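By written order: A, B, C and D. Residues from 1 in each chain.
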Amino acid sequence: MDNSLRTPDLTWEKVRSQVDHVIWPDGKRIILLAEGRLVNLSCSSLPSFVVSITAATQMPEKLRDGMTGYKDRNRRRFSLPTAARYMDKSQDSRRSSIASVCSTSSSYTGSSSDDDDVSPREKIQKNSKGFSDFCVRNINQHAFGRREIEIAEQEMPGIMALRSRAGDDKPLKGAKIVGCTHINAQTAVLIETLAELGAQVRWAACNIYSTQNEVAAALAEAGFPIFSWRGETEEDFWWCIDKCVNAENWQPNMILDDGGDATHLMLKKYPAMFKMIKGIVEESVTGVHRLYQLSKAGKLTVPAMNVNDSVTKTKFDNLYSCRESIIDSLKRSTDIMFGGKQVVLCGYGEVGKGCCQALKGLGCVVYITEIDPICALQACMDGFRVVKLNEVIRNVDIVVSATGNKNVVTREHMDKMKNGCVVCNMGHSNTEIDVALALIELFNAPHGRYKSDVYLLPKKMGMCLFRL
Amino acid sequence: MDNSLRTPDLTWEKVRSQVDHVIWPDGKRIILLAEGRLVNLSCSSLPSFVVSITAATQMPEKLRDGMTGYKDRNRRRFSLPTAARYMDKSQDSRRSSIASVCSTSSSYTGSSSDDDDVSPREKIQKNSKGFSDFCVRNINQHAFGRREIEIAEQEMPGIMALRSRAGDDKPLKGAKIVGCTHINAQTAVLIETLAELGAQVRWAACNIYSTQNEVAAALAEAGFPIFSWRGETEEDFWWCIDKCVNAENWQPNMILDDGGDATHLMLKKYPAMFKMIKGIVEESVTGVHRLYQLSKAGKLTVPAMNVNDSVTKTKFDNLYSCRESIIDSLKRSTDIMFGGKQVVLCGYGEVGKGCCQALKGLGCVVYITEIDPICALQACMDGFRVVKLNEVIRNVDIVVSATGNKNVVTREHMDKMKNGCVVCNMGHSNTEIDVALALIELFNAPHGRYKSDVYLLPKKMGMCLFRL
Amino acid sequence: MDNSLRTPDLTWEKVRSQVDHVIWPDGKRIILLAEGRLVNLSCSSLPSFVVSITAATQMPEKLRDGMTGYKDRNRRRFSLPTAARYMDKSQDSRRSSIASVCSTSSSYTGSSSDDDDVSPREKIQKNSKGFSDFCVRNINQHAFGRREIEIAEQEMPGIMALRSRAGDDKPLKGAKIVGCTHINAQTAVLIETLAELGAQVRWAACNIYSTQNEVAAALAEAGFPIFSWRGETEEDFWWCIDKCVNAENWQPNMILDDGGDATHLMLKKYPAMFKMIKGIVEESVTGVHRLYQLSKAGKLTVPAMNVNDSVTKTKFDNLYSCRESIIDSLKRSTDIMFGGKQVVLCGYGEVGKGCCQALKGLGCVVYITEIDPICALQACMDGFRVVKLNEVIRNVDIVVSATGNKNVVTREHMDKMKNGCVVCNMGHSNTEIDVALALIELFNAPHGRYKSDVYLLPKKMGMCLFRL
Amino acid sequence: MDNSLRTPDLTWEKVRSQVDHVIWPDGKRIILLAEGRLVNLSCSSLPSFVVSITAATQMPEKLRDGMTGYKDRNRRRFSLPTAARYMDKSQDSRRSSIASVCSTSSSYTGSSSDDDDVSPREKIQKNSKGFSDFCVRNINQHAFGRREIEIAEQEMPGIMALRSRAGDDKPLKGAKIVGCTHINAQTAVLIETLAELGAQVRWAACNIYSTQNEVAAALAEAGFPIFSWRGETEEDFWWCIDKCVNAENWQPNMILDDGGDATHLMLKKYPAMFKMIKGIVEESVTGVHRLYQLSKAGKLTVPAMNVNDSVTKTKFDNLYSCRESIIDSLKRSTDIMFGGKQVVLCGYGEVGKGCCQALKGLGCVVYITEIDPICALQACMDGFRVVKLNEVIRNVDIVVSATGNKNVVTREHMDKMKNGCVVCNMGHSNTEIDVALALIELFNAPHGRYKSDVYLLPKKMGMCLFRL
């Protein structure tokens, strides 16, 4: 957290899961969502909960770990579990406190079991068929998780079509996939689709907070080796990934990664195993960035697909998903009414455009800050006033950051905000079907089609997607 | 015209028909549409040209006759032609100059004949069947006028339905109607519908500028006694109405009025004839106001229908018609691009709401000024910033007045406007079908149903309209 | 519940609180929100939860108690508690089951105490100051409830302004108010405002499901005599109201009612006390309807304010609140994505207009059904296709009913819906500030200003509201 | 014209300039704008008149020259004037008839002189300073043209900024430019800017219909050698370009082309002169296509800038300009009311997106046809129903083609349209400032920076544009 916000003059008060009031000495309160992380995490009890904390690199840096910062965070993330001593104490305790808040208050069904102090690693659990190669919070929550998965299936017609059309071909027969993503209902649909296409999988979370415990339980109940729960420690986190990579009778040949942690761990700890990999699919900005660095450094010895930049992500996820998320997450976390609210939106890229549409549709007065002249001109032509943040900061009710830059909203701005101003950060989400297609492509590619480099999803696969 | 704009320090330059540049000593130009009258009059060459100059009482008074003002204007309008000495010289000459500009430049087809100095009253014209009971600019323009009427028919499904459904019943058989409205293609459709329903009519213009000469010619060619041309003098104006009221073998029994002039003239000059009237239909704010005054004073000896306040006018004309007019008239008169323009709209009633929708739809940044708290709150909840005019006047590109009040946009405001700012006034338009239904109702009402008072269109007639 | 849905061929599955899947023999599922009650009740864990179940009379009747229907429900509501035998068994058990679902799953903070079988009436609870004149689920939940109230205060600037401006005058000094409304955070703000204005209050819930237990606890902790919890029985319901009406040293002189139950009980059971009342304020359609009936029957011996029909409710609540609610409630209950969804909205009144704006703003294709010709024409001019429900029922993803009529969406329609179609009903919400102003007006009115009749909020009070 | 529309069973009736009624044997009329050319040409009397007839290659081919088609048209365009015999008689006469319609009816100011049969080539005209190196319709119309230019300047802040900032540097000093574009007020602003930057120019029209005669007169009056009038013959057309290329004491060193005709003529007829050219700037799709062909064939011996594909054109012109044009042109040509109209828009590219925004903003019900899956999905997510043309053709009021393909709207479709259906084609417009920057860049580029090839505007120039 930004040191300038973690000062003795400011009081922090958690009012709901992921909603903090930061209280100024004069009583003014700023409502800070998810401590500046992606705001679409804000509601913890529903499937939309978990989206890409990993990729939450868009937040004003000063609002996050003042000391560590963006690069450091990545460095930390990529450090191996032995680096646990690295974590400073205060952060550790904050994490735990969040985790405990989450565990006590936010799970949908009877969350009492979340409360217990026993780490899942110390529990012995079996599913109803006696299978025990997993580690989740509470296997008994599986029924509720299954319902969430079924609901998610109805909203994912693309991947369900892939399942029904390609199910007979088993194009992933023989694929052994190490997966490392957020574990929510949508991911579960992906995982079960991969299995239906013939793959074997082992799966861990790419983030210590983002697992939907009930969904993880449902996957375990269905016989998938899942290692993940909400509120893992840093050490748990790496332990879980390790359990996916390294298991008896298991030589993985593919990696499906979101953030690059599984790739990193295997590369560092199991280099021999890494060489056997047929391909990597990576769906986050951060992870893709990492892959390009590896490639430049000549250390990437396998082909990788950059799913993050496929057209269905940039043109759809960013725009249309965020159009939905901004409303949903602000509503769930603050119960604010939008009509007549003044909102400043920092950044008019695809994410910003989507947010603006939604906010305008509900009667907000929207201002834009933008440094790119093309995007600024678009904002202007779309009927939004393009301003500097300082011009409007005293009057706005909501500040949304969607720039992808650091230091957009600073302590200095927050000092000027009015009482009750909501500060949040908008992010992006995933496109599982691209991931599945990329896996199929990489897995079935004739030897030599892809060198050890990073690729975009081939065009024909993109078209394939739309024909589903 | 507002005296404060008609000062030696300001230069006036007419750039198109009804578009003036008012030039400040420093070179700044304000683009003033229709000299502050309703802007949807701005384009003279097309059917949408003529809408309610009569009712153009919404304009900031200072922009109009500084001396005379709202009430005076009405007084003048209602004074009989003998009052010609009343008109001050400068105004008279301005009128002529506009008329001449109109006549030379704005008519669609070969308008050369408009130029001739011969007053229509001095010409002898006959239509192709030898009929000569009319007075229009040039009977030879009838073919183009007929095409305009046919185009208008396609956009008036309601009245065309009335024509086809009620045509056989001839519900207006025996009705002898004196009509006094703007004479444009839409009115022509109304006139011909009344005739198809069985009525006899004589028709004059309710405004000296608003006649579409070609349409008047087409009506004359079709055998209607029309007395109207663009650029009438004040004396011509009353002469034309008199020709409609007072003719051989003609005892009118109904009045269809827009502004109250025909009613006024008949009441004052032919009181005996007035008593024979079965009913009056009035479609303007001004005229209705006048009728209520007559009614209060006990001078209204016949029933009258207030068409102006029927739900189909207030809820539809004002909102939806103005939504179309604002764009159309600003485009035709200024060729301005809307995207990104800053617009301040004074007044968020039905007219203002309609304008806002259209402007927002084309990417304008819209500000609202509003004194009514309910409307102001609506503007706010609809996502518009509610401001005081002074706050934004220096920055806006377009100022639209839609308040119905006086002195909304003053010289003081204009001094602060930036170069090239467009100033216009939005108005309202007509609903001919209500007029037709009201006529039928009044004409066929059993004796005694309506006293000598002002009525709203009966509900069942309103329903009838929607069943067409 | 509609008997035709409660047949052996259909399976019901509760997937979340207030979200049911109704499963057809062929596996098709219709997602039915709140069993056809107002959908903005759908999310139980947040302040927006509770809105007017009382008024939930707009739902297609066939989807509700097939046998009892609209009038019966009211009759039952107005029957005294002694009529407990009236309730048929099946309904009773359904209620309990819902109540228990609510109690186990939906409360935000540690809801375990909701589970206990002990009725609040049998518990002995005291707040931290030893005060015990209340009956709530669990006084210990007050801290969370207080936070919810504080959040609500930030979104209620009008009533907070009233508090700060009129707080010194104590215009309600001496008022003794019996309140009977939904008990949620917003109501709590109202209650505490009344107290700040000088009033004494006793408060009960107007609905057996709608109480936010934490908020009730917070009010009790603050020393208010609150008698209300989620999951009351019918007998509890009347007991609670009775506790508010009839207490030691308590002669109420005002009633603030939502649905008319407190009014009804006092009139029937304590007629002498009823005559001492200075005025009634009623905020629901049902309650107002009842008051008019009493007035006609000559039984209303005190003046009453019809808050339901004040302009700030019909023009704002219905339109703007529902614009927010439709999105929020559908999101929370179904996690559906709106972009590209086909939605049919039955009814284009204020509620329908608001819903359409929101849905269109998020990229839905919206169809309208409407029987009123003016509203239908408005829908058309606003760019929505006006259809008959049967034309589109096979293709739509969401069916929203906002008509106020019965039998809008029938079993026959549901048979044609596609798998996963969401069926919901949209309602309306409250305007507490009008209530407060009406109370002040009635309480301070000089003797004789108001007869024993039903009034609308006086105009000057309406203006007063906007000057806050 | 499409042969299937030019059959004896169909009657053609011209109702306004560029508006035809095509009448079926049963009386049904289809309103065909600009005979299927770009509809933003439709109103001939105003500055917005002229946009890119040259590029009007997007129209359903069957609606145009059935025999010749797209490629043929280009071939014809590039054939030298000697190929006049190529033109088939019927087409020639059609052209003349249009030209004559234009000349008689559409010019704004006293257009009588357009009527005269004397070709401008046979007239001797001088401007007020005795300059006679030009050929326009009527030099006396210059005053009105100047006003149009001044109005245009106010709407072109970018190029005016370039004028004021770079005016002193004269970056085009020594440039001798042959220009060949539509000649309207906007182009005039460009031409005068080039002169202020130091260039000498000679200019011809790139289209025989598109010249605004008054603007050409104003340029001639200002001393520019302009060779252009509305209604040129094919021979006139090439004569005019030749007059620009080949003059005494004139060795041009740059070409500014729109369609490639000037380039073509110089290359073929004056190859030696062509080699002296420093660079070509081309702003149309057609011309750019031609340049790439020349480049591939090794015949392009000079560098060329492809202005057509600069981001400011594709992202702005296509989207935002068409958003304005669609409304403006339909209004001016048909006076249609948009609210409630059903519109099918073929193609959801940038042009289609812009049109949709505008139409939706005015209350149309919009359907989309689209063959590209990404664009179709976008239309869907934006809330438009994606259909096949045949599904809706019987119900729609307006058909807009914005696909860039051939045979989109066919006779078969037109047979199914309802009476009064409007058929139009949407196009694109220009970005003069890019043209000016490209000229500066090419003219000042150090020797060798650009090879003989086609380039996009360099990025730094793009940025330069936004800093203006």
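Worth pointing out:
Everything below uses one rule, namely that a contact is a pair of C-beta atoms (placed from the backbone, for glycine too) under 8 Å apart; a residue touches a chain by one contact, two chains touch by 3 or more.
Note that the structure is a prediction, hence the values are computed from the model and not measured.
Note on connectivity: the fewest chain-to-chain touch steps from chain B to chain D number 1. For chain A, the chain with the farthest CA centroid is B. In this structure, the chain pairs A-D and A-C differ in their number of contacting C-beta pairs, and the larger number is found at A-C.
Computed from the mean C-alpha positions, the centre of chain A lies at a distance of 49 Å from the centre of chain D.
Put simply, the C-alpha centre of chain C and that of chain D have 61 angstrom between them.
Each chain gets one centre point, the mean of its Cα atoms, and the points for chain A and chain C are 37 Å apart. Residues of chain C in contact with two or more other chains: 320, 339, 360, 362-363, 377, 381. Against chain D, the residues of chain C that register as touching in their complex are 339-340, 342, 360, 362-366, 377, 380-385. Those residues of chain B whose C-beta lies close enough to touch chain C in the complex are 311-312, 315-316, 319-320, 373-374, 376-378, 381, 463, 466-467.
On chain A, the positions that touch chain C within their shared complex are 15-16, 45-48, 104-105, 108-110, 112, 147, 151-152, 154-155, 320-321, 323-324, 327-328, 331-332, 334-339, 357-358, 360-363, 419-420.
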